[in-house]
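Chain nomenclature is as follows: A, B, C, D and E, assigned in order of appearance, with residue numbering initiated at 1 for each chain independently.
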Amino acid sequence: MAVASDVPKESFRLSMLIYDTRFRSLTIQVVVLILFALAVAWLLNNTVQNLAIRGKEFNYAFLWQRAGYDIQQQLIPYTNDSTHFRALLVGLLNTLAVAVVGCVLATILGIFVGVMRLSHNWLISRLMTVYVEVFRNVPVLLWILLAYVILSETTPEPRAFRVTDEMLAAGQAPAARMWLWDTVAVTNRGMNIPAPVFDRPLGTLALGPLTLNLTFLALLAVIAASVWVNRRLVAAARRQQEETGERPATWWKSLLILFVPAIALLAALGFHLETPALKGFNFQGGILVAHSFTALTVALTLYTAAFIAEIVRAGIMAISRGQTEAAYALGLRPGRTMRLVILPQALRVIVPPLISQYLNLTKNTSLGIAVSYLDLRGTLGGITLNQTGRELECMLLMMLIYLSISLIISGVMNIYNRSVQLKAR
Amino acid sequence: QATLEAVKARGELICGSNTGLTGFGNPDANGNWVGFDVDLCRAVAAAVLGDPTKVKFVPTTGETRFTALQSGEVDLLVRNSTWTASRDSELALDFVAVNYYDGQGFMVKKDLGVSSAKELDGATVCIQTGTTTELNLADFFKQNNISYQPVTVADDSEAQRQFLAGACDTYTTDASGLAASRATMPNPGDYIILPEIISKEPLGPVVRHGDNNWGDIVRWTFFALLIAEEKGVTKANIEEVATSTSDEEVKRLLGVSGDMGAKFGLPNDAFKKAIAANGNYGEIFAANIGEGTSINLARGLNALWTQGGLQYAAPFR
Amino acid sequence: MQVSDEVAVQISRMNKWYGTFHVLRDIDMTVRRGERIVICGPSGSGKSTLIRCINRLEEHQSGQIVVDGTELTSDLKNIDKVRSEVGMVFQHFNLFPHLTILENCTLAPIWVRKIPKREAEETAMHFLRKVKIPEQANKYPGQLSGGQQQRVAIARSLCMKPRIMLFDEPTSALDPEMIKEVLDTMIELAEEGMTMLCVTHEMGFAQAVANRVVFMDQGQIVEQNEPKEFFSNPKSERTKLFLSQILGH
Amino acid sequence: MQVSDEVAVQISRMNKWYGTFHVLRDIDMTVRRGERIVICGPSGSGKSTLIRCINRLEEHQSGQIVVDGTELTSDLKNIDKVRSEVGMVFQHFNLFPHLTILENCTLAPIWVRKIPKREAEETAMHFLRKVKIPEQANKYPGQLSGGQQQRVAIARSLCMKPRIMLFDEPTSALDPEMIKEVLDTMIELAEEGMTMLCVTHEMGFAQAVANRVVFMDQGQIVEQNEPKEFFSNPKSERTKLFLSQILGH
Amino acid sequence: MLPPQPPPTRESGVVKWLHENLFSSWLNGILTVVGLIILALIIKSALPWWLNGVWHASSLGECREIIAASAGEGATGACWAVIRERWHQFIFGFYPPALWWRPILAFGLLFVAIGPVLYAGQKRVLTTMIGSAFLGLLITLWLASAPAMVFVGLVVLLGALAALAQTRPGALLWFTAAFPALCFLLLWGGSFWTPVMAMAGFAILAVVARLLAGRVGAPVAVGLGIVAAVIWWLYVSGPVAGAFASVAPLGLEPVKSDQFGGFLLAIVIGVTAISCSLPVGILLALGRQSNMFIVKTLSVGFIEFIRGVPLITLLFTASLLLQYFLPPNTQFDIILRVIILVTFFAAAYLAEVIRGGLAALPRGQYEAADALGLDYWQAQRLIIMPQALKVSIPGIVSTFIGLFKDTTLVAFVGLMDPLKGVTQIVRADINWKGIYWEPYIYVGAIFFLICFGMSRYSMYLERKLKTDHR
């Protein structure tokens, strides 16, 4: 009888590095790590050599030099005397503006279209199908160009708004008019909307490189306070409803709480709207929302929404018919069934692919230059790169920024995702 | 490492070109590159390799052009690039000549009622990005203490479309580009180019810093074209001139006497071949962008110095 | 366990087609308040379709269905009314997995009946106690066993205080031990006098609680009778064949 | 059906944990060549884990497992050797759906044993004939019934000419009619003297072929005995309880 | 028993259809009307432009004159003449017209080569695919006026393949394996021996790995095989190819990659990148699934990095930064560099797709493979990957569609993509300067046809795979 303890205990041999499951993975990892380190070292060495050959050095000092160029849309103050870094920030904010607005709109539109595609209305579901297929299967660059051209070719020039003395004398009306009681002008350059102006602003507070606008802060604080009070009110009402079944009328209280303090503050600050007016070549005053922004946002929204619609549709279809039937059998109407039963479940299926659509949209904002939109790629990766000739620095920085944005988006979404995970046994 | 040897070994000149700029360089329906800048490349190819067709054109964008040159991807960049101090120094490039003296100008619609760029306060300006235009523009408006709305456009055709649609009041780029655009608009008469030229834009061939022989070859190929015009040597009469001329400089130029070509490391008749490829400077100008063509540019600053222009070649001796 | 004279469901000359396939043919049936009817028949005979027509999960194309005095037409108001009077329990429970057991039970009362949440929760707990799982109220459906889930489904229906309950093979997706739990709950319900229509193959259940067994085949009602009579003395050949299969199993 | 003195599998003081959960506790067991052992016990008692340890699909943390003279350690060569000596049949067959039945059977002989394809196919056909489905050789697993698939799985293991066969509930995923097909095959195999360890609840099978029945609970071997003794005269309370459930079912 | 009756027809067909599908409720009615109004507006605004289209003109100015003459002053109209004159540049770039048959043939054979992957062993489908490829090629080659020899070659080649499909459909995979070399030869031309020697490198890899596997174990053997193959490619294959070429100078007229443009370029980049990225993607997916911390971290890092930055920055890396990262004075073709970066891009996306496929495999498959004694790589190659890849095919196709659309971005580094690159050179032509919509519509329509076709096909595959995969 062979006894188990007869088997001799092995001492360490070199071959165990490969053939012993305990060491094997260690060996592989060490080899991989060495290869990786070698590759990195090789790349770095090459880069250093190449930089030396070209007499360049790797540093970001150029970011603090004068940029010297102008940018059409600026969310923070910027002139051509500002630094390249400031231009980078302007570009980054422009990128984020499109990304944020685009993601929100694309989600709304995508859900709408996705639900409509499941509609029983033949025409609507077909129209939605056509929309989805057409947008999904043509490069997004084309849609961006198209949106821009349509916006700028179908709207009037600022000149068309002009009223000259002869026209007054002849009783002629100008070729184009402003909208919404003469507050909004849509020209072929963009939308001029009224800007909020304060006669008695609170001034600004300089905190190192950051300048805080106190007026805005005050306004935000008041609104936040009102919202908080209102939520208390609604919560109280809900409690009462839960206890008695009667819900006290709260809408007028809500209105008061929400609006009176804000309006009072606005009045105190001397708030009024500055409406745009035609002066010279363009409308002056107010805020100009350039068509390049609108077009990029609209095109990315439409393009991404087509994908989101498919995701939403698939998500809804993944919910078994039994759920709908159970909800109907309980007497829930189709709209409520969708909102209370189907969508909350579908969201779990929808969110992961939705994240990658958000990422795609954000990355696609880098095509903005095709329609004259100066985003991060247009400033840092375009004009700054061109003017300074620092392609290595600019490109690496740009990748780093995009990468951070992407990681933040997917990080946030992953947290959400984990929080809605279905509980199961 | 020497570019000349590399080109000879390869049997082909690689010339960085624009991705498509009317009159200066773009492929035609058959894929043959044509244009003012292209012809200079062909002349260099003819000088170095004896055959003007042995050129490969690599389209480069505003961002990629200098890197392509620095990294050796192209031997020579002839792509309407402005000669500036920082490009010469910081980017380690050499501008070896100026084949076109340009300047940044403005185009407006006639019925706008503007006759000077200084009246453009508050106007929306379409700028073609990728060169020095953005900076010149900012400086100009700043100096004159007027404001503007910049619309930074990626390429010429898009800028032209926006300008025509009235999305910008004025379109600014190099005057040659403006003229080319205007020539192809539905009603060219409706548009005017304003008199202000707000910058100097000397455009010329660029080579890598440090390879002086190669730089000399490109420079002197270009000068050869200028001298040829000056001396009345044309594509048509070059053979005849070569045999009959008594002008010593022309003789040296065409390799009939002396060993000037050899001094550059080229065959003695190299410059003759360069001229024979597409004719002299004037001919190249006239054929691609000159007054007979639909682009219809006047010689202006680009006339020979003898005719009041700036094109001036050093003596060939 | 008394049956009143009042009519709860009245189906007359009802026909239904799926496309060109004639699923239900000239169905006539009267259910009185308090009656407990078991529907059986071979697979594909239209049992499910019949009871799904009663709360309009399926539309019938001709004939009349009157539930509690309300005729089912394409009028949405009538449909809503009938659905809130009729509870339904499905083979696969169809609980809402994203809501807790308690929320499953209070969802419809709150949104359809507009009952205060507090009150709805009390009702829900009452019925959960009745189906013997009050302690699971804050779990999610995925955390319960099949038998428990089906009992929640019954409680969920009951929370709407329906006057009629429909069951579509409520036990056929369950393991044997769990079947008993659910049947017990249903028997208890029957004893309280609930009007019930139940598609099931549990003949023990039929014998124990049904007033009437309805046998369907090929979209028709072939035979209906008291359970004792039905099992001991089936009239048609089809029924005999079917019973021999079912009981022999 | 003779049992030799040679030891096929020797397990001594073997312990296994999943994380902090102690699944197998101090298992001692000797299997002799030619023995046929049936392992039974309640769900979760660690039966599957035990036999999966024998071909190192699971790693044990302490104690020894010696299979056919080779100790299972982290040495890959030993593991490979043991695995090619030990065949395993799973509950869910785990056939390779993208390969034909024949390819399923020849894959391992060709790639692991390096047997020429021709020869491997002959062996495969031999064993397919043995499990009575030679005519299915060129079909894909998806085209066979469950019972046929399980027989293919057995044939696939046999093609490696294993000296020991492990079965993990080979019939529990099958419909009643098919169970018999598979059990017949296993009985035949047993009659040829194959060393077998079989996790199963088919007590008929155990009585018919097992030399020994091992009863496990909570990660321990509670009782082992000859089948006759085991069924007629269980010693521990646990076993009695378990047998009453199983046989009463 | 009652016999079944036909269903009642309450209303006549059209009315009923309208009622059920368009006006079943007032909400639906409103939606219908809104939909109709939108449709009408779109048609109204675009119709005249389409109707006034001009096909025969030699410049934009001429187009304008013709439209003004026929539709009145100020009328707008499409100038399709530009497409008539330049259509080939959008498709082939500057590829010499006399050689158009080569890309066409390569593209047609691509379908034949994909067949055995998608439909392994299915004789009928494979034969149909070969047949339809043959017909399609016959027509397009005739249109491209290919030389007669090409037709002879085509008949012989596809005839042989069809015969093979009938007798030993499995063997068609060898054609797939050889296709990259054939495709390279057809597209770029040059010596016949260059691609052959390149393929020989893979053969060397396989032989070395096979021979050594017994002695040093599979991973080391494959490593050595790769080293041998790399040595072959770097130092030996060139001279050997040269030697063969001097003995038997077979080959096709070379075409330089700067002559590639338009859809030809897009397809070459897309197809090459997807097929090259497949092995990389598989390795990354396995790395990401692995329980070795470093391997996993590196894989995740690579995947997330590539997926986190816009493709356009990767393209700039190809054109601007690669010059810094590679040893001084290494230069290679910009198209090649772009393909390499796009390959990385596709690999990261494919890795995620394949990871999905791996996750869809039941654990039992791994266990069965282990229990049979297969080692890790054998199990991957024989059991896991064939199944995981099959499940992933729809995902791979949609990645390809996305990639194919994204190839338009190569215009930003100066390549002649169909959408922006070619359009720009066409518009730089003095005759067509100022033209805007027509090239976009033409290119957009072709993109739509290709992508829509592929996405439909992948849906079909998805449905098919779902049913036949257990």
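We adopt the following convention: a contact is a pair of C-beta atoms (placed from the backbone, for glycine too) under 8 Å apart; a residue touches a chain by one contact, two chains touch by 3 or more.
These figures come from a predicted structure and were not determined experimentally.
Using the contact threshold fixed earlier, the set of chains in contact with both chain A and chain D is E.
Think of each touching pair as a link: the shortest run of links from chain B to chain D has 2 of them.
The chain with its Cα centre farthest from the Cα centre of chain D is B. Of all chains shown, the one whose average CA position lies nearest the global CA mean is E. These two copies of the sequence, chain C and chain D, are related by a rotation of 165 degrees on CA atoms, to the nearest 5. Between the Cα centres of chain A and chain B there is a gap of 43 Å. Averaged Cα coordinates give chain B a centre that lies 39 Å from the centre of chain E.
One finds 87 Å separating the Cα centroids of chain B and chain C.
Distance from the chain A centre to the chain C centre is 50 Å, each centre being the mean of its Cα atoms. Of all residues in chain A, those that touch two or more other chains are 18-19, 149, 370, 381, 391.
The set of chain E residues touching two or more other chains comprises 316, 320, 323, 436. Contact between chains, using the touch rule, shows up for A-B, A-C, A-D, A-E, B-E, C-E, D-E.
Only residues 1-2, 4-8 of chain E touch chain C when the two sit together in their complex.
For chain B in complex with chain E, the residues that touch the partner chain are 1, 18-23, 26-29, 31, 56-61, 63-64, 67-68, 70-73, 155-157, 160-161, 164, 180-181, 183-186, 293-295.
Contacts from chain A toward chain C in the complex involve residues 241-245, 320, 322-323, 325-333, 336, 340-341, 344-345, 348, 420, 422-425.
Chain A meets chain B in the complex at residues 54-56, 68-72, 80, 149, 152-153, 157, 159, 188-189, 279-282, 284, 288, 290-292, 369-370, 372, 374, 378, 381-383, 385-387, 389, 391. Contact residues of chain E toward chain A in the complex are 20-22, 24, 28, 31-32, 35-36, 38-39, 217, 219-220, 291-295, 298, 304-305, 307-313, 316-317, 320-321, 323-328, 401, 405-406, 408-409, 419-420, 436-437, 440, 443-444, 447-448, 451-452, 455.
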